[in-house]
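Just passing along the structure, written as structure tokens.
Going by the order they are written in, the chains are A, B, C, D, E and F; count residues from 1 in each one.
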Amino acid sequence: MRIIMIGAHPDDCDGDGGGTAILLASMGYAVKFVSVTNGDAGHQSMGGGALAKRRMAEAREAGKRFGVEYDVLDNHDGELLPTLQVRLQIIRKIREWNADVVIAPRPNDYHPDHRYTGVLVQDAAYMVTVPNVAPDVPPLRKNPVFLYFEDRFQRPNPFRPDVAVDITSVIDKKVNALSAHESQYFEWLPWVGGYDEEVPKDQSQWHGWLLKRQDRELSPDMKKSLDHWYGAEKSAKAKYVEAFEICEYGKQPNEAELKKIFPMLGK
Amino acid sequence: MRIIMIGAHPDDCDGDGGGTAILLASMGYAVKFVSVTNGDAGHQSMGGGALAKRRMAEAREAGKRFGVEYDVLDNHDGELLPTLQVRLQIIRKIREWNADVVIAPRPNDYHPDHRYTGVLVQDAAYMVTVPNVAPDVPPLRKNPVFLYFEDRFQRPNPFRPDVAVDITSVIDKKVNALSAHESQYFEWLPWVGGYDEEVPKDQSQWHGWLLKRQDRELSPDMKKSLDHWYGAEKSAKAKYVEAFEICEYGKQPNEAELKKIFPMLGK
Amino acid sequence: MRIIMIGAHPDDCDGDGGGTAILLASMGYAVKFVSVTNGDAGHQSMGGGALAKRRMAEAREAGKRFGVEYDVLDNHDGELLPTLQVRLQIIRKIREWNADVVIAPRPNDYHPDHRYTGVLVQDAAYMVTVPNVAPDVPPLRKNPVFLYFEDRFQRPNPFRPDVAVDITSVIDKKVNALSAHESQYFEWLPWVGGYDEEVPKDQSQWHGWLLKRQDRELSPDMKKSLDHWYGAEKSAKAKYVEAFEICEYGKQPNEAELKKIFPMLGK
Amino acid sequence: MRIIMIGAHPDDCDGDGGGTAILLASMGYAVKFVSVTNGDAGHQSMGGGALAKRRMAEAREAGKRFGVEYDVLDNHDGELLPTLQVRLQIIRKIREWNADVVIAPRPNDYHPDHRYTGVLVQDAAYMVTVPNVAPDVPPLRKNPVFLYFEDRFQRPNPFRPDVAVDITSVIDKKVNALSAHESQYFEWLPWVGGYDEEVPKDQSQWHGWLLKRQDRELSPDMKKSLDHWYGAEKSAKAKYVEAFEICEYGKQPNEAELKKIFPMLGK
Amino acid sequence: MRIIMIGAHPDDCDGDGGGTAILLASMGYAVKFVSVTNGDAGHQSMGGGALAKRRMAEAREAGKRFGVEYDVLDNHDGELLPTLQVRLQIIRKIREWNADVVIAPRPNDYHPDHRYTGVLVQDAAYMVTVPNVAPDVPPLRKNPVFLYFEDRFQRPNPFRPDVAVDITSVIDKKVNALSAHESQYFEWLPWVGGYDEEVPKDQSQWHGWLLKRQDRELSPDMKKSLDHWYGAEKSAKAKYVEAFEICEYGKQPNEAELKKIFPMLGK
Amino acid sequence: MRIIMIGAHPDDCDGDGGGTAILLASMGYAVKFVSVTNGDAGHQSMGGGALAKRRMAEAREAGKRFGVEYDVLDNHDGELLPTLQVRLQIIRKIREWNADVVIAPRPNDYHPDHRYTGVLVQDAAYMVTVPNVAPDVPPLRKNPVFLYFEDRFQRPNPFRPDVAVDITSVIDKKVNALSAHESQYFEWLPWVGGYDEEVPKDQSQWHGWLLKRQDRELSPDMKKSLDHWYGAEKSAKAKYVEAFEICEYGKQPNEAELKKIFPMLGK
């Protein structure tokens, strides 16, 4: 089984699907993360190519810790638009990975790069099977399953957790891998979120601090999905969860197929 | 009454509205099909201008069989974006046809060309009345009714069959016209759908085979719409149906106006 | 409190939020209107720069009557697309105004310029806080509240009147300010709407005629919102109302914060 | 022999090649003028679609007086760029006219629209023969001769009058046809050139006034070309002249072929 | 007399026309420098908005030292293309400065941003007089003189020093002003040129070092122009020179007019 | 020594520099050919992805015969424009090859794809050294020498054969390699050139026929360059020659450096 997760920035797949990636990779699944932009804008004091190079190095390190390949496409951060050029880059990445499953954001989220990554992957969803498009890379003969990462937005309709993956067992590993993105988790995100005062001065406390930030209340929908897939007993113990919605474009998996994609699901 | 149907590819209007077109044309309504792209990508072994020319010839032949005019715009298949240039092409087509009714896909569907055709027609919907836009073609003084072709997608909201047209009486004629698109119905669609083995070797069996592929279960919504428009008795006999949703942009027709557009509706 | 309203054309903020602007400005709030296009297309007999100059003069006059600043960006009317260039223009306007609140159309409306203004403001919503974007203007350190103007469209989901402002007390002033847009309210809109015969020949009757056009039935949703914010008694007397929906992007205000933004709300 | 002249604005072909067009048309040659923009910007008090419509009407009238077909493409004046879309428009015009000769500006001139018209026609020069480009219009099987209109610019290299046509015999007819462009020759060009005071108030004097504006000193190069083609005697009598340079792209005509194109040349 | 110099990067006008600017400004001429890009790419270790902000601060400081206004447009360095958007930015800058003279690079130079700045200013040269273009800023009623900065390139034709200005008397002031661009003259240019080892460690030696880098042999053409304008005696003493070529687009000045523009010329 | 030749179509480097490539490769130089387009348009009966795939296979085979690497970029043939995206593709190719020498067409030629390839490589010439541009690939620390392929065009200035390489000794090998492009040399070029009747029916005669088409008269300039580099004696025997002009952008090589690049030069 070959999985490709596609995010807008070098740290997006990590936060939204990193625990699942660790679980899948540890089973021998081939997992790749792709960042559609090079992350050259989201920082309070660095920028441009200098920042992009730091972000690419962080992504490489994070990839190692997650056990996945990590590609960073050289498109400007904060300037992503659903152009044909980027669509073709994404089509090639999906084909080259010979993906069975593609996971990407929904086209509604607070950051325009996230939204347009969602649009771009949707725009690629059928095209990966068309031989005359990007003829330098052979088309996929089977349309992959396309899934959405979780988000919290309600309009025009809320995210639907078709699959909820309990990542409690690997949360430490996930946080450790996220920590490779120093410029994101300990610099930029706290600064722009207005909580930079809370970042521990002492780096040895970073892991604990970032771990605590993973806590959250599970929504009723999420809880229901967990119960469905894991049974009430296991579900009750799940503290950290990642969830995915089935996109209507691409192959529509049934429950058995979803279990094959996510073998960790099960009562 | 002048109707224009606008699809992304040379065969899209045909499949989604062809039966209705036959019924309307046979009543003397002026019906035009427009394909926004030239179909130069969707094939497993041909491509480019060579394929476009074949597709244009097939569309001409199909138009004859449907009893409609058929225009194919020379935009690349698989590369459609909602640009101003294509919007203006569509505005001109709608104006030149002096259309009372415009039918196009919703902006959500599995193929990006379909979605962007939907966006483009929405973007044209008001502009057909603005004289300073495309000043070389006089504006329409009455905003047409805009309708959507049926699709099966549920997100962000499902298609709503405001009108359901029983095309059972012309299904043979429709299939005969669809068959003009040889490169589509007997080559590309089976290949990309993975059912190319099922296409009869013997061309004399093509009609029967394609006819059988038109079978489908009607959804409860569709059934309800049929009952509304035709009454239970007639509705029960309808085997092949095409449905349309009223778009919020453009003139909002009441029931009487819908009946004038679709005179075949009726108990 | 600093408010910026962003519309597609020189008269859009006016019609959708002008009464609220009068109320806020009279309390000493700093209010700015921005028209993203220069209005150089929407007219039956003028066009181009000649029309744009007339529209800019009308906007200046309207701004005076509303008590707000009025900026008109020099982008072609009827040709607006969600480009990076226009997004950056909007980011700068929001930052330069140091806005606490941004009000713009939803990305669904009958006019493509309205829709794309909605998209553009959404695309700016997070970016106003990112220092590397538009580095010539300092970023906002607090994300503003983003609100939508009211519209009547139901798909993919209807407008939700989170806030309803009773503007009955200033309706005369609003109509007086709208009247500054002569080329819109007394020429273009009647012509394209097919009611140009109804415009009084005698200009002294224009005010009364335009005032009457403000009448409308309040929807149940709107009524409910009014009741919530004003109490049943005051709500019953509200004849003219402007409503706003909270956008999910940007700061999410609670009820107390909404009251601070709109101090006229209250029982 | 089929000639197509391509200018940037509705009056450019007229001024630069109008006399030649009259002579050729009167011999039965098929001559077409194309304006690549709709002329919707170049005026001091009108603009947009309103101006474009006036310009198109003037072009139609001028075409009648010249004895040529006149097409005005609906691209914004003052905004022309060498895009693929406009290149394709030009390719189609050349093919549809089945042109033996194409005449256009050089890519250096004072007005960017002129320069980019020059670039666009150069970009079309080979492509008119390629069947996969604009596959909806059959390619030309013979590459036309491409010529440049005269201009006065010296950098990077001066215009070279390979052919000089004596239009003295038709100068009245030319001025009469130019006069159809009232908004240009009697309004805009005088205003922007700062000589609007010189335009006669009395329209009956317009012809004489515009005729006098056609006077100019012939350059030595021009004189030499005239002598070459007409012999010294005839050349000495030539008062009004239009000249053309052979473009290196397209068919390279020899002297005999040039005489066939321009049968009025001769001693 | 109002002069505007337009370069690609924040330091281009400075190096090519800074001495002349000092001389003109000291006579009371109004001089403005415009950088079309924000300089956010040309550096070995910084980039993006962080670099742009440094570059803007350096430009402000340099402007003070030169005695000129300095505007930096927020377009990406290294990504400049001759788009309509940037052309309009330039048109506005020229109009708002009410420029009599515009100085810019030729469209041939080693850096694509320089070339495209040259193209963009050429594309603006006529348009500054057209009222319908950028209608929010009144057009110039007199076309300015357009000049080119000196460059060393020979193809397709060499720079022609129509005017040569002796800046020997202000060379110290020029070098002092150039030094405000620390990130350019002492960091980036030495690094990319491979002479970063030569930059003095001791900042007190920077002035002398940069002064020495201004030395160069004058070409015969340049010498001839100097002799023409200053006479042999003064010319012989000129050690530092800036030269300009008259662009064919815009007003063509005669010798008297050139002397009025450059009053320091004279024997 | 590492050489990269960049042409517009899969066969352009081959025809213009193939003999030189064979000579250099046989000395152990690393040579790469890049086609900026995928060749999907230039054919009379095939097109699109189907043609591109054939062209890519032909290029692979030709590369083997030449002894060079061959990359074909997936950009549409006949639609090339000097965009930032393609510029960046070219920057990466030059950097990844760590090129000492880059050879490309001049920006003037009969085919727009050739011209824009020339522009694109010029636009990349300096940028290959700028680290913030395409930060995912390390910049070159030494600017390569940029050369132009020979062409026959005279305006604005003629090609200048700074270097002329005698390829007589490898002409058979060159023709053999060219022959790998069957769809070009034996199908498309004869068809569009109108000499398809001349192509031998018998494929065993193709080599001889294509060899004979390589004959041509050497221009005086070319002869002079040959004499300069090879001496009169050797020069007199040179029957097949490829020539190159030094581009002003990039490193300017002296005669010794040219000999190091082209060690086959010599008396």
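Observations, loosely collected:
The rule we apply is simple: contacts are C-beta pairs under 8 Å (C-beta built on N, C-alpha and C of every residue); 3 or more make two chains touch, one makes a residue touch a chain.
These numbers come from a predicted model, not from an experiment.
Chains making contact with chain B as well as with chain C: A, D. Of all residue numbers used where chain B meets chain D, over half belong to both copies. The two sides are thus made of the same residues. The interface of A-F is repeated, with over half of its contact pairs matching by residue number, by B-D among D-E, B-D or B-C. Averaging C-alpha coordinates per chain places the centre of chain A 37 Å away from that of chain B. Averaged C-alpha coordinates give centres for chain A and chain E that are 48 Å from one another. For chain A, the set of residues that touch two or more other chains comprises 40-41, 43, 47-52, 131-133, 135, 156-157.
Touching chain pairs in this entry, ordered by label, are A-B, A-C, A-E, A-F, B-C, B-D, B-F, C-D, C-E, D-E, D-F, E-F. Against chain A, the residues of chain F that register as touching in their complex are 38, 40, 48-50, 52-53, 56, 72, 74, 85, 88, 131-136.
Those residues of chain D lying in contact with chain C across their complex are 40-41, 43, 45-52. Per the touch definition, chain D reaches chain E in the complex via residues 40-44, 47-48, 51, 77-79, 81, 110-112, 115, 153-157, 192, 194.
Residues 82-84, 87, 122-123, 125-127, 129-133, 135, 141-142, 156-157, 248-249 of chain A are the ones that touch chain B when the two sit in their complex.
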